[in-house]
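Some notes on the structure that comes next.
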Amino acid sequence: MNNKLRVTVWNEYRHEPAEPRIAAVYPEGIHTAIADGLKNYGFAVRTATLDQPEHGLSEDVLANTDVLVWWSHIANHEVSDEIVERVQRRVLQGGMGLIVLHSACMAKVFQRLIGTTGDAKWREDANKERLWVVAPGHPIAAGVSEYIELPHEEMYGEHFDIPAPDELIFISWFQGGEVFRSGCCFNRGNGKIFYFRPGHEEHPTYFQPEIQKVLANACQWAAPSPSMHRPIRGNVAALEKIPGSV
Amino acid sequence: MNNKLRVTVWNEYRHEPAEPRIAAVYPEGIHTAIADGLKNYGFAVRTATLDQPEHGLSEDVLANTDVLVWWSHIANHEVSDEIVERVQRRVLQGGMGLIVLHSACMAKVFQRLIGTTGDAKWREDANKERLWVVAPGHPIAAGVSEYIELPHEEMYGEHFDIPAPDELIFISWFQGGEVFRSGCCFNRGNGKIFYFRPGHEEHPTYFQPEIQKVLANACQWAAPSPSMHRPIRGNVAALEKIPGSV
Amino acid sequence: MNNKLRVTVWNEYRHEPAEPRIAAVYPEGIHTAIADGLKNYGFAVRTATLDQPEHGLSEDVLANTDVLVWWSHIANHEVSDEIVERVQRRVLQGGMGLIVLHSACMAKVFQRLIGTTGDAKWREDANKERLWVVAPGHPIAAGVSEYIELPHEEMYGEHFDIPAPDELIFISWFQGGEVFRSGCCFNRGNGKIFYFRPGHEEHPTYFQPEIQKVLANACQWAAPSPSMHRPIRGNVAALEKIPGSV
Amino acid sequence: MNNKLRVTVWNEYRHEPAEPRIAAVYPEGIHTAIADGLKNYGFAVRTATLDQPEHGLSEDVLANTDVLVWWSHIANHEVSDEIVERVQRRVLQGGMGLIVLHSACMAKVFQRLIGTTGDAKWREDANKERLWVVAPGHPIAAGVSEYIELPHEEMYGEHFDIPAPDELIFISWFQGGEVFRSGCCFNRGNGKIFYFRPGHEEHPTYFQPEIQKVLANACQWAAPSPSMHRPIRGNVAALEKIPGSV
């Protein structure tokens, strides 16, 4: 894989410092666990968190990020609109990839890019989730068997308030009787977005190798092509001579 | 057709009062021309404009609107965020249909629902546009021949900054050498959205019967089903007994 | 609903005469049970079966069919290629709707229209299936609650070898741990196709009112518009004068 | 780019030997011109033609082909059904990529994989075609400016009888007043298919660097991942213990 790919892993980082049972699962924060998993794939990975200046997402950081990975939950509303718009612009114009994780389905940055609420059903019952691959030829599913099993996860159930994804990669089965579109690709502007459901803060999901593999595949898939042409907008002259015009 | 369908036609209504050459084309405003065309199809049609209180879009008006038709241009930025959010909510939750016309591709209400800028190339050269049907079996194309020809229209050219539409109905050919995805369906939440390109304020496009036919078809298509079930969200109990649980 | 809509329900009709336990469920054949359900919605319904001349699908029958409902299983390979091509042509050119049920995912007529095998996993264990609505605003889901529950059904599991459907309406949850894209819309040529998973011959699924409702909705959705324009093909003259040409 | 990618370029090779004016454009056949262009990108390229045994597409050749590029026209009907099924199987099961060129929109192998006729309008008038990029972030458009201009090409016009592509990359503008969906991605089974319109046998289109670039991008995109998991089919045991079962 391309070891030049620059990934920034963002985490609101509120549960871990405040709740010992969550710190026990992710002692250095969810962002660090995700970043470590991605480093093993040879990416250049850094992290950023909500309480840093500009939430750690300065213009400079974003300009040097190919793919932004985003985990958030209880502080979705604390993210400033200015940073939300900055991220949105960087996806639409710059083609930065965006990987949206778990409860970040209700992050403002995701809502702004998809146009819907991202809301769903949920239950914190720590039962089994099984993610079935429904697009086996897609690069995000490369190296994944016919399903991924997570012994303990929070449940998210349909109806999931998203636009129909441009490509649907995973559908989750939950022990309590629900299903969920849990791996969803969206193209927006010049950028690519992947929503991936797993990753409740109470479970060591991001240490599981298959989950790390999917995240690495997703970063590869979402990274902008260096030779992408930026569209031209605005007032333009005709390319053809109009019959009868001067 | 269903004569109970309630349509509200919204227009910023700024060009017509201010510019005589536009008033000459649409003496009673673009909204009135569109509304008259739709009335011929038996819908219950009213109009609303930017300078009315709440832009004419009170909670009550929206609650009694099945399909909102939206024309805007130079005053896109004057629409209040509160009303934008109200319209968005009514589409997502209430399933209200939304028909977005011409330069309203950059209306805040459309941008918020699609997540991109809606920006494109343009040229006010009053040349020919030909809209080719690419989905002949779709209800919005019913009664339309293989193309619609408009002798004088503003040009909009690709790249058009929209998500890939859920269904693409028309592609426009322009005399100056450009193409445009000019009839685009989007499903968002419980609602349906149709973007339709034609309708520059300087040309009598909305008086053309084929255009009126497409708008009537679009209203029929976008109207919510009266028996639609609203999704349930939030914390839910399991539907199945989990083996081993109490 | 439109009481003029002409529906033909086709069944291979091999299980019922041969197997008493299946005749006990569908004494007059699966086709009759489906037809009776649709008649309650005011459609003009007839039936046809494999062992009739031309499988009951003469050119005349098809020319007078708006929507063809198709159930088949063990005799998929006995359907003649000539009839398969006739049905395919009638869908592509004539815009006839096609509702493909259960094991007919491997019917030649469906395979020919989608290009893939329609193969999947399966298990005849008569456990619970729950079909979740993932497109609540779609007309096929009108009047359906957030899910449909079937107490005893055969299991079909992913990966289901279909192209990504143009619209995905239902996803099934199965008690044994599987999921399935169980309500899938495909547009092909001028026609519309809906695949609907339930309906194993050993269970009284087609007598269940919610299932009958979905089938009626699907017939309405798939019926061709009377004012649909048929595309023009072949060699054509230019619509524009080419600069410099004679 | 991956220099191990194995590409087979197939051509019916009937025009070139028979018609001097076409031989003047492609002295060694269209397949050789395409193959030479792809070799410059570092792929391992071979060619095959209709009149070779098994049309040059033995089981062994296909098993060692990652991407098959297909040009055909007047001899579409001469391709044996056995080879068509072999190619289809290799795409669906093996995940072989397939690049379908120009008049091969009516090749049996393409028709079988998409389910429709691939028919369209056409005119051999050697006028200008301009292919607009509508998905600038897609890997097939990498390195391509906002459009590609071909000074002399055959016209193909809508309606093009294909299913809505999974991703639409190019739309063509033609001088005579037509448009065409000229770069279309389809996922089928484990394989990826790209239809690319240009390449009439009378014009040196395949020598144009931008066209060669698109073909190289398409081969990269369509190649199967070496770590793709092949789906499991057929009768399977339950993954979960069913409550109440033995």
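All chains are identified by letter, namely A, B, C and D, in their written order; residue positions are counted from 1 within each chain.
Just so we're on the same page, a residue touches a chain if its C-beta (ideal position, glycine included) is under 8 Å from a C-beta of that chain, and two chains touch if they have at least 3 such contacts.
Remember, it's a predicted structure, so these values are computed and weren't measured experimentally.
Chemist: How would the chain A/chain C interface be labelled, same or different, where same requires over half of its residue numbers to be shared?
Modeler: Both copies touch with mostly the same residues.
Chemist: Name the chain pair with more contacting C-beta pairs, choosing from B-C and A-B.
Modeler: A-B
Chemist: Among the chains here, which has the CA centroid at the largest distance from chain B's centroid?
Modeler: Relative to chain B, the chain whose C-alpha centre sits farthest away is D.
Chemist: Report the inter-chain centroid distance for chain A and chain C in whole angstrom, where each centroid is the mean of the CA atoms.
Modeler: 36
Chemist: What whole-number Å value describes the gap between the mean CA coordinates of chain A and chain B?
Modeler: The answer is 30 Å.
Chemist: Residues of chain B touching 2+ other chains?
Modeler: Each of 130, 133, 135-136, 146, 157-159, 164, 166-167, 175, 177-178, 187, 189, 231-232, 239-240 in chain B touches at least two other chains.
Chemist: Graph shape for the chains shown, where an edge means the two chains touch. Line, ring, star, complete, or other?
Modeler: Graph shape, chains as nodes and touching pairs as edges: complete.
Chemist: State the interface residues of chain C toward chain A in the complex, per the touch definition above.
Modeler: 130, 132-136, 146, 157-160, 164, 167-168, 171-174, 177-179, 181, 240-241, 243
Chemist: Provide the residue numbers of chain C that touch chain B in the complex, in ascending order.
Modeler: Against chain B, chain C makes touches at 95, 130, 133, 135-139, 141-146, 166-167, 175, 187, 189-192, 224-225, 227-232, 239-240.
Chemist: Quick check on the complex: what are the chain B residues that touch chain A?
Modeler: Where chain B meets chain A, its residues are 88, 92, 112-117, 119-123, 125, 127, 155, 157-159, 161, 163-164, 166, 175-178, 186-189, 231-240, 242, 245.
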